[in-house]
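Consider the two complexes below, in which chain A is the common component and chain B and chain C are the respective partners.
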Partner chain A sequence: MTELILQALYSGLLQGGSYALIALGLALVFGTMKVINLAHGELVLLAAYIAYSVESGLGWSPLLAIPLAMLVVCSTSVMVYLAVSRIQKDREINSLILTYGLGVMLTNLILLVWKADVHSTSSSWMQDAFVLGPFFSMNSEILFFGVSVLLMGGLWWWLARSWYGRAVRAVSSNRDAAKLMGINPRSTELVSFVVAGILATFAGVALFSYGVISPSYGGVLTIKAFVITVLAGIGSIPGVLVGALLLGVAEALTVTLASSALQDLVGMGLFLLVLFVMPNGLFGAKRRRG
Partner chain B sequence: MKNSYKNLGLVALIACAGSWSSLHAEELLVGVEVPLTGTLARVGGGMHEGILVAAEVFNKTSKHKIKVISIDDESSPAKAVAAVEKLASQGVLAITGGYGSNNIAPASDAASKLGLAYVTSGGVDDSLVSSGHKNFFRINNTAGYQKAMVGLLGDMKAKSVSIVYSSKEATSSLAREVQKTLTAQGATVASHEFDPAITDFKPIINKIKLQDKSEFIAMVGYENDYVGILRAARVLKPNVKAIVGVWSLATSKMAADFPDLMPNVYGTAFLPYPAEFKSADGKAFNDAYQKLYQKEPDYLGQFGYVQATLLFEAMARSADKGTLKKNGVIDELNKTDRQTLIGRVKFGANGDNPFFSHRMGQHQNGKVVIVWPKEEATGKASFPGVPW
Partner chain C sequence: MKRNTQVLLALLASYALVPLLFGSNHYIMSMVVAALVIGGVALSWALLGNLGGMVSFGHSAFFGVGAYTSAIVSMKLGLPVPLSMLLGGLGAVVASAAMLPVLRLRGPYFALAILAYAHIFRILATEWKPVTGGAAGISNIPRLPELLGFDFGSKTGNYWVILSLVVVLAFAYQRIRKSHYGLALRAMHESEDATRVVGVNSTLLKALMLVVSAFMCGLVGAFNAHYINFLEPDYAFSSVWVTLPIVAAIFGGYRTLTGPVIGAVAVYLVDQLVFKAIMPSGHQLVLGLLLVAMVLLSPDGLLSIARNMTGRRHAAA
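And now, the complex of A and B:
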């Protein structure tokens, strides 16, 4: 039993790392613009499909698809921003409807271009076992867990230390006051969307490398990312990591100790429990750092 | 003079109308309600391809001409009902298509109320044939898949099996039947249900490795599930003799896309890969399919082809007897009894095909070899054998 639980904890941590990578872009835009980008899952999926095209068409490693995927996903993310920025009234609620619609359009675009088949990497190295004593995982899981932690650290540093990061936080706190300080809110928000696009690119390539993709999967990714963002506390980057790891471990333990059929129930139960005890999320409001 | 021109014009108009109506009198309208978008887009698309191939082949050989009108049900039960109603309003004589038991049930119900025959291969849930509808016809069922899976495991003398199955309706139902039969045969069976949203199967495979210690893993799911399960098994390497699955597994696509995961894995398959068609019907299907889609036909296309061909034939017989408007299509479907690409099809009183029995194929060196039943085998099973 100990062996089972140890492996479940390890698998849960790795799964949490992948959840964090997916949620990071959504959390950034939500934190800075109070916009819930419901097309975020589709942006992640778009990157995953580009990785698939590069691997199947050119025979290259999915990692080499990152520059091209970044270009396409960031451009799409900018288009999402341009659409959202045209909303004059009730941006929070209207952007929900708009981004949901954009998500549906992206899903159908993916379906049109890549058809409905399921895909995943055929790279042997990505799927090969990485054994660390009693712990088993795939090489791709370890690789992208590391990437996830690095990106999170980088994003946290960027928000806390760089001029643009501070500008993003200033716009997020008080748009008008930031304007008076000489910050252009539009360009700052645009930067947030571009950074979210970069994060979605890494998440997509990671997803293709250890998971399975299909056109309808975007919605599932958005929901998971949204749950983690709210669990974390709006705008909190460390919160995203903690929330994602918590969710990953809770799900893996549920599968091991009970049944996989209950994993979503436990995930949602945890989500509701945290919000009941801490309505601002794990790292929300007073304890927010990022 | 003016009057004779008028009369000439009138005669020409009547002649045109007459020739138009006689041209269209032989055109039999068939409605196809199938998911082309949404979660079932891939399987629905595969079935749709087979239906269109059937129309192409049928129109070349029959004096009757089939015209197919397709509507995407977007993988939604409500839209499946709306699609059936819209097709009926467009004058179709019967409906074929449907994927997913939860979509097929309300769609076939709507077709029943409209007096239209509904022919499918996309739902294996038993409730579909126990609803009492006289218009519902299905060419495949859970029992046929179960016979194949249990038959192969029986030939391998399986004493302990771990069944890993998706909590979806069709997969749960098949897993329950497999478990019941294997237990009755004296095997020890451990079942692991999983949520369709799961992506990491390592905790489940680890339970099989450390707790169940079964000789065989039986997977009842879909392509994405199989990839996840096989990847987890490849990492954890449980001590099993073979891994057996069902639909969407022993296919050319899986062999090509996942060359590291598929070796020695078993799944249901009517055809070996590369495909070999011995019958004239099979060759006609293969030629038309390759011409239309420039790829190897798969099992989805094959099922779609068979269900549609049987419907078109019944419609043609009914048209010859002049009973199209008098439940003739349903009567003719009830009389159907012939060998097809998926074996014998004869519909029982409940619309099910009791003769349906699948075959089992094994991935071997990038090919799919039929290994069960013995009389249909195209090669020997590589046993024991796992992908790693």
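And now, the complex of A and C:
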């Protein structure tokens, strides 16, 4: 039993890596634009389907699909930005309806192009077992966990050190003050959408490499990403990492100890619990003032 | 007075003319009933959006809970269908109670929480097999009864029932809008802080709107269960019950009373007759496109443009 639980913890940890990438994209865009992109999960899914096409059509590894997927996903992300930035009034309500509509469009576009079938990778290397001491995983899980850690390190460096990264943080914390410092908030918003697209691309290819994809999965991904940002406390980047790992582990434990059908209930249970007990999330307490 | 005559004429035409013209055509009648079901959900969605200022992506939860509650109560307890439909509405109210803690939070929390919420009920309906019949669903749900010599379960009877339901809901909506609650909600739309300062309990008011909206939606869902006579989780909690009403409400103008219903009839009929014929799968793509176009080009709906052209003014909320 202990072994099972340890194994579930390990698998959940690996899964949490990709969740973090998805949630970080959502959080970045929310930071700069105060807009929740309800089509974000569909962007991730789009990358996954492009990886599928490259693998099944050309016989290449899903990894080689990353440049193409990044191009498509980032341009779609920029289109989402262009649409959202054109909203005239009631931005909070209308941006939700707009991105919901974009999500419906993307889901059905995927359905039209790739049909309703469920797909997963056929690469045997990706699915082969990787043994680390007493723990088992697929090669792809380890690989993409490593990629996620690298990307998060890169993102941290970018946000902390680079000009645009700091501009993103500045616009997130105080838009007007950032403007006075000579930051163009519009181009900063655009940058945040592009970075969200890059993160979504890697998460999507990872999803295809170790999991199964179907057209309706995009909405579920958006919800998971949102649950994570709420666990973290909106605006907290390290919180997102902890929230993602927490969700991954909670799901893995449920699958191991109860049933896989209840997997999605756990996230929601955690979510409601956090809303009841600490509505500002695990790491967002400092933002309560004012 | 002129307004009242118009309303009366429109009601008379809907009650008498539609069955007279299409009563023998089962295909058209079933389309009209389905459009009115969407209209009822759209109305409940618009009430929450317009009066409560909340965007819901989870009305499929209320629709499905209403449908399941009514079906189960009428079958397992043998209650008469009209009573079980009311209980269906109450079931949706109970379901909405779990959303109440989210109301304390501002911003997009509510929209996303309720989006996630709809998924929970689908999972529950699939997993709670002894009561809901699991993924196989429930069949042979009792139809609407015969009362006073008139068969409400017939095509025309069903049509009259859902039409009356929508009319009653619209009437209730109007009453809320004109009451002092409506005034407070309108003030809240301008500035929630200022409204709170003058002593309005804004969270309580929002909760009230959520409960009313859930009840309306659950009632319509319950009607649909007894009309279709069959339920399964993927149907009862389908995202169709979210997407179509939103498109309808936005298209017709969600800040007006008649907009959502007229929008539902227009959007549903065009979707079924035109888009579905052109592309059998993925025709919701067009609905998404419509939604995006409406938000960007005319967020107050097409009806409001038409109204402005004819010179009639309708205040928001």
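Just so it is clear, the second predicted complex is superposed on the first by the 277 of 290 C-alpha atoms of A that agree within 3 Å, B and C clash if a C-alpha of one lies under 4 Å from a C-alpha of the other, contacts with A are read in each partner's own complex, and residues count from 1 in each chain.
Heads up, the rule we're going with is that a residue touches a chain if its C-beta (ideal position, glycine included) is under 8 Å from a C-beta of that chain, and two chains touch if they have at least 3 such contacts.
Computed from a prediction, not measured in an experiment: that's the story for all the values here.
Novice: Would you mind checking whether chain B and chain C clash or fit side by side on chain A after the superposition?
Specialist: clash
Novice: Now for A:Ala129: first (chain B), second (chain C), both, or neither, which partner does it touch?
Specialist: After superposition on chain A, A:Ala129 lies in contact with chain B alone.
Novice: A:Ile87 contacts which: chain B (first), chain C (second), both, neither?
Specialist: A:Ile87 sits against chain C, while chain B stays out of touch.
Novice: Does the superposition put A:Leu4 against chain B (first), chain C (second), both, or neither?
Specialist: first
Novice: So in the superposed three-chain picture, is A:Ser137 touching just chain B, just chain C, both, or none of them (first/second/both/neither)?
Specialist: In the superposed model, A:Ser137 contacts chain B only, not chain C.
Novice: In the overlaid three-chain picture, which partner chain does A:Ala261 touch, first (chain B) or second (chain C), both, or neither?
Specialist: The answer is both, since A:Ala261 touches chain B and chain C.
Novice: Name the contact category of A:Phe271: first (chain B only), second (chain C only), both, or neither.
Specialist: second
Novice: A:Leu102 in the overlay: touching chain B, chain C, both, or neither? Say first, second, both or neither.
Specialist: Touch status of A:Leu102: second partner only.
Novice: Report for A:Leu111: first if it touches chain B alone, second if chain C alone, otherwise both or neither.
Specialist: The answer is both, since A:Leu111 touches chain B and chain C.
Novice: Which chain makes contact with more of the residues of chain A, chain B or else chain C?
Specialist: C
Novice: Please indicate which partner A:Val230 is in contact with in the superposed arrangement: first for chain B, second for chain C, both, or neither.
Specialist: second
Novice: Would you mind listing the overlap between the chain B footprint and the chain C footprint on chain A?
Specialist: Touching chain B in the first complex and chain C in the second, residues 108, 111, 115-116, 220, 259, 261-262, 264 of chain A appear in both lists.
Novice: Can you list the residues on chain A that touch chain B in the complex?
Specialist: 3-4, 7-8, 11, 14-15, 108, 111, 115-120, 122, 124, 127, 129, 136-138, 211-212, 214-216, 220, 252, 255-256, 259-264
Novice: Taking the touch rule as given, give the residues of chain B at its contact with chain A in the complex, in rising order.
Specialist: It is residues 37-39, 41-42, 44-45, 75, 167, 192-195, 197-200, 202-204, 206-207, 210-211, 223-224, 227-228, 231, 234-237, 253, 257-261 of chain B that touch chain A.
Novice: Contact residues on chain A for chain C in the complex?
Specialist: 30, 34, 36, 38, 83, 86-90, 92-94, 96-98, 100-109, 111-112, 115-116, 219-220, 222-223, 226-227, 230, 259, 261-262, 264-265, 267-268, 271-272, 275-276, 279
Novice: Which residues of chain C touch chain A in their complex?
Specialist: Where chain C meets chain A, its residues are 49, 53, 55, 57, 98, 101-102, 104-105, 107-109, 111-113, 115-117, 119-120, 123-124, 126-127, 239, 243, 246-247, 250, 279, 281-285, 287-292, 295-296, 299.
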